[in-house]
Structure formats: C-alpha cells, structure tokens
Amino acid sequence: MNATANALLAIGASPVMAHAEEEVAEMAALAKALVINIGTLSRVWVHSMIEAERAAHAKHVPIVLDPVGAGATRFRTETAHRLLGEAPVTIVRANASEVRALCTPDHLTKGVDSVHGSEQALDAARALAARYGCVVAVSGATDLVISGETVIRIHNGHPMMPRVTGLGCTATALAGAFAAVNPSPLRAAAHAMAVMGIAGELAAKNCPGPGTFQVRFPDALYQLREPDIRERLTMDET
Amino acid sequence: MNATANALLAIGASPVMAHAEEEVAEMAALAKALVINIGTLSRVWVHSMIEAERAAHAKHVPIVLDPVGAGATRFRTETAHRLLGEAPVTIVRANASEVRALCTPDHLTKGVDSVHGSEQALDAARALAARYGCVVAVSGATDLVISGETVIRIHNGHPMMPRVTGLGCTATALAGAFAAVNPSPLRAAAHAMAVMGIAGELAAKNCPGPGTFQVRFPDALYQLREPDIRERLTMDET
Amino acid sequence: MNATANALLAIGASPVMAHAEEEVAEMAALAKALVINIGTLSRVWVHSMIEAERAAHAKHVPIVLDPVGAGATRFRTETAHRLLGEAPVTIVRANASEVRALCTPDHLTKGVDSVHGSEQALDAARALAARYGCVVAVSGATDLVISGETVIRIHNGHPMMPRVTGLGCTATALAGAFAAVNPSPLRAAAHAMAVMGIAGELAAKNCPGPGTFQVRFPDALYQLREPDIRERLTMDET
C-alpha cells in the first residue's frame, strides 16, 4: 500500500487507502477511480471491497481490479470472480498465471509470482475480457492489454522489476489513476503499463540491486516527461 | 507504520506498533507516549484506540492524535471526535483540511491530502485547542502550533514533502517522541514540526525525486545535530 | 511485510504473505517453508497462524517462528507459547529479551527492542531449544544459534542494523527461505544469520544513515556471492 501510494503521489495523483466497511462506500463515491487489490485479503475486507464497488458503480467511477494470487488458493480465485460479478469492472490488471487461473477453475499457481509468460495467457485474457466486458492487462516481459478484438503489446520494462514486491500492484494503481482521467479504459491501461515499463527501464540504468531500484522507480515516475515516453515506447496494436 | 517506525528509530526513540485489544492497554501503559493514528481505520481498531487512550491516561502518558482523513468520511470525523472525547488528548497533529473538518461538522475534504493552507485553519485550530484543552499542530507550507492564546509558526519544510506518503504520520510520531521527554506539549509539538521541516530541507537538497527523498529523510533525521537546527530554524511565536 | 518480501525476492526466494483463515492452510501447504511473525498481532491472526502451522506440519513444511515483542505483553508471550505448542516449530528467531521472556514467565521487556545482549540469553535459548526440540537463533551484536548442545556464534553485523525496523523479521524470513532448501535447521538458521550480518556490513560501508542503509541492504543481499561470505564470515561453533 505504501509503495503504491508513493507511486501515485509521484505521478501527481491523490491516493486514499481505506478498507473499513463503515466508510468505503463514501470514500469510493468521492474518488475518480476505485482500485481493488486482493493482495492482503481477509473475509472482512471482501465485504468492504464489494461495498466499494457498488458505490463506485453507482457514481460511474471506473473500477480497476488486481486479483493478486488468484489460482494460489480457492479463496483468492473465488473472491476475484465475486468481485468481477458484483459490479462491472473496468480494468483487470494481473500476471499471466492469475489471468489463466481466472479462466480455468482448477488451475493452480505457485503463489503470487507468475509461472507463465504473458503470451501463454493471451487466450485466457481474451476470454476474461469477453466474459466480463472489461479491459484485461497482463504484466510480463511483454505486457498485453486486451479489449474485445484489440491486443496492445508493450515491450518496455526490465528484468529487475519482478525482483521488487508491489510493482504489479503499482501498475494496477496507475491504471486506476489513468482511468480517472482517460475515458478509454484500453488507453488508460496501456498507458499505465507503458509508464511502468519505461520508468522501470530508467530506474534500472546502472542499478546495483533491487533496493536502489525501489528508490529510483518513484524518482523516474516523478521525472517522466512526454519526450522520454516518445523515445522509449515500444508499443504495437493488432 | 514502517516509515514512522524508521523515523522514530532514526532519532533514537524506541517504537512499538500494536493494535490488538488484548494488549494495547498493557503496551500503552509501558510507553512514554501514545500515538494514535487513524490512517488505517477499522471498527475493531477504534476499540483498541480507546482502550489504549484510557490506559495511557491512567498512567499520565501523553496522548498524541493524528485524525487522518477527518472530513473525508463521516466515520473518520466521528472517530476523531470520539478519540478526543474519551481521554484528554495532549497534542492533535493534522493538516488544515482535517482541522477544519473537526470544527465544522459538515465540512468535506478531498481525501487525506489538504486542500487548504494552514492559515485557513487558524481559527479552527484555536477552537479545537480551546474545546479539548490540547495543543493543535497544523502542517502546511507554514506549520502552526497552537496552545491557548499562543501561536507558533514554523516556516521550514520543502515542496517535495507532500509528494511522499506518511510524512504527516511521521510528524505525529515525532510529536509523540518529543512529548515523551518534554514536559511542555507546546514545545514538544513545535520541536517535532521544526525537526520535520529541517530534515525535509536537508533531504530535498539536489533531490531527483520522492524516492530519493524517502531515503534521505531518515538519513537527515539520524544526522541532525543542534547546529543544523540553529542555523536553519525559522520559528516565530505570537 | 514489505521489507521482508523484498529481502526474500533479493535472494531469489518467492514470498507469499497471507493471513486469512480461509486460505492460510492451503497457502502453507503449497509453500516450502512457513514463517510466522507475531509483529502485527491480533486475535483473528492467531487462529490463522495455528491453522497455517497445522497445514505446514501435515506436509512436513519447516516452521519458523518470530515471537516479536514476547515479554512486552502477556498476549504476545502467551501467543508465542501457544504457537510453539500447537505444532513442532523448526526454528525460533528472536532477540535476547524475547528469548528470556519465553523462559521466565514474568519477565518484561521494553517493547520490541532487546534490552539484553545475546550472551545473557544463552541459558534461556538452550532451555527453549531443549523444551521444544527446535533450533533457537538469538540476534544481537553476536548472534547465537543453538541446537541441543551445539552453539554457533556469528560475529558479523553492524551497529546501524538496530536503527532500522524489520531487520529481525528479515532474519526470520531468511531462516525460512534457507530452511526450505537446507535439511539442517541448524545450518539454515546459522546461514541466515551470517548472510544478514554480512549483508549488513556491506550495506553499512560509508553509509550516511538508516535511510540509505535500507536501500543498500537489499542491494547487498542481491549481490552477495560465495567469496564475499568466505572473506567476511566470522563464525565459530562449540
């Protein structure tokens, strides 16, 4: 939560983290985007997540879901499906194993780290996008962003990124921030993945390890300007 | 919690974070100061906060309250008032929007970030200080510390500070640490705000972004010595 | 949790943090080691911890316990004993005050920081190891790792380490990672303490303060190679 809040502040967004049933609906209704992350999951929080979704939906606030660890336990897979069913989710951002787990009920992942490449989740991502009418963003060495028949591939990023915890959550948080200001969920998700990848490349330059990377990553987000993006972006759409 | 614990360790304090009803009273009675922060709020934690307040009050342990997000939701505003009512709070440390929300029941803030300058909260801070007999510290470009008729203004700090999450919480934690060793809550709160601002200035020197700032800030707290404070402090009292 | 997850990723392990009763058994059964840390304690989490222990035990997954703050409150001391009693714990990693508190019921510590040197906990550590048939690792200026009659002392480390929160928890997490791949719990615990101490020495070189230390520590873990360990290790066994 701390790392995602700092990434959001670095790009100029205004994050609030809340989980109490007593207030999530009120907070979600105030927000320009709702991000639900099941990383730190508990039964009580699931109720709050559903309350927040309903409030966001009622106010036409875009909803972004990160089904962390779907496939690792039944509770996570079921919760992810429940959150997808309770209100129309705008964007799902996940890794390849999580996306596959959401399409194949008995699929098991190792935990929260993906054991699949993103292309191995292409069909599952398409199916998920079709089933729930949402955009699906799959993080990996190549990121996929899928909406209906459209597939955007983003080749930015760096191998140091999976060595730092919470960067998937940060990608999801950025997708929320971008969905707050971009009427196209497809573009919002693609831009979030692109910004993550490019900031990751900048942060990884001459980087001695994941500690330094964690410092330079919010610095890179803060410093990122349009020319950096134009110069580095490797995105294609089919 | 992690960032505030590290800031407290950096200045030589000995933090313990606890929230279980089963132990908060015991822990608060052992402590030299109790800091209550409603940032990560839930109903269960409110019970623990009240238990902790009572135990602290019974042992004459100073109580410092951070009403994070007061005004953003009714639950936060009501909880803050409840915590102010259950035991005599020594110091309230908040931003301008939160302080205003605690004086005007229907006031709404954007979330946890202040939408007001600290001077816009001067009257509300005075009213709050009078109503609860406490010191009120309002963070902002200029910090205000108010006790009865006294107003201390501290002009230290840096624009990078609101781009990092948890620095308000750290200011509150430092107010607790200083209240543990300084019999004047007004001085304790003012010193905490001054140390925050000066450490922030030192951390922000040639700082490429908020990631680096978060590293240099605890370094600055750790290295801070009396001459740095004397040289940089811009405090006035009326 | 964040710092320990990052340390585990830095050494190439694959951490999952879970606490919901609905899933901990399933998650623990998937894991190669279970680490239980009572730092952020609540009654609900204790149930989950016990569930996780049982599932781990049934699958012969090693269990590593960090009794954070044992001795500071009755709830912590009792919870630690309960967790030691419910399933055979493989390794206990604690500071000297916590180890003493687990052997002397009425012993009180200051909080979560140790007020004793590790040698002052030698007898208590031996007694604890004998009573529960586990390895006991005591962190301090000199680390002790005890199993039956064997005592390993590791003299690596740096005075900056107690100025950063969560490094004890990280030592425990590393003991879990090493127990996942080393059939000797004694060696796993000793190697974890050695790696912590050596990475701490490397991170502390010309280090301006605890902020920088927190960055360099995962960098050092990530970069650590066998020759660094051979060159720096000061371990003796009796």
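Letters A, B and C name the chains as they come in the text, with residue numbers starting at 1 for each one.
Here, contacts are C-beta pairs under 8 Å (C-beta built on N, C-alpha and C of every residue); 3 or more make two chains touch, one makes a residue touch a chain.
None of the values given here were measured: they were computed from a predicted structure.
**Q** Subunit B and subunit A are one sequence twice: same or different residues at the contact, by the over-half rule?
**A** Mostly different residues form this interface, as fewer than half of the numbers used are common to both chains.
**Q** What angle of turn lays subunit B on top of subunit C when you fit their CA atoms, given in steps of 5 degrees?
**A** Angle of the fitting rotation, subunit B to subunit C: 120 degrees.
**Q** Take the average of all CA coordinates in subunit A, do the same for subunit B, and state the distance between these two points in whole angstrom.
**A** 32
**Q** Please set out, as single numbers or ranges, the residues of subunit B touching at least two other chains.
**A** Subunit B, residues with two or more chain partners: 2, 214-215.
**Q** Which residues of subunit B touch subunit C in their complex?
**A** The contact residues of subunit B facing subunit C are 2, 5-6, 9-10, 14-23, 26-27, 30-31, 44, 214-223.
**Q** Show me the residue ranges of subunit A that touch subunit C in the complex, using the header's touch definition.
**A** Interface residues on the subunit A side: 2-3, 39-43, 69, 72-76, 108, 110-113, 162-166, 208-212, 214-215.
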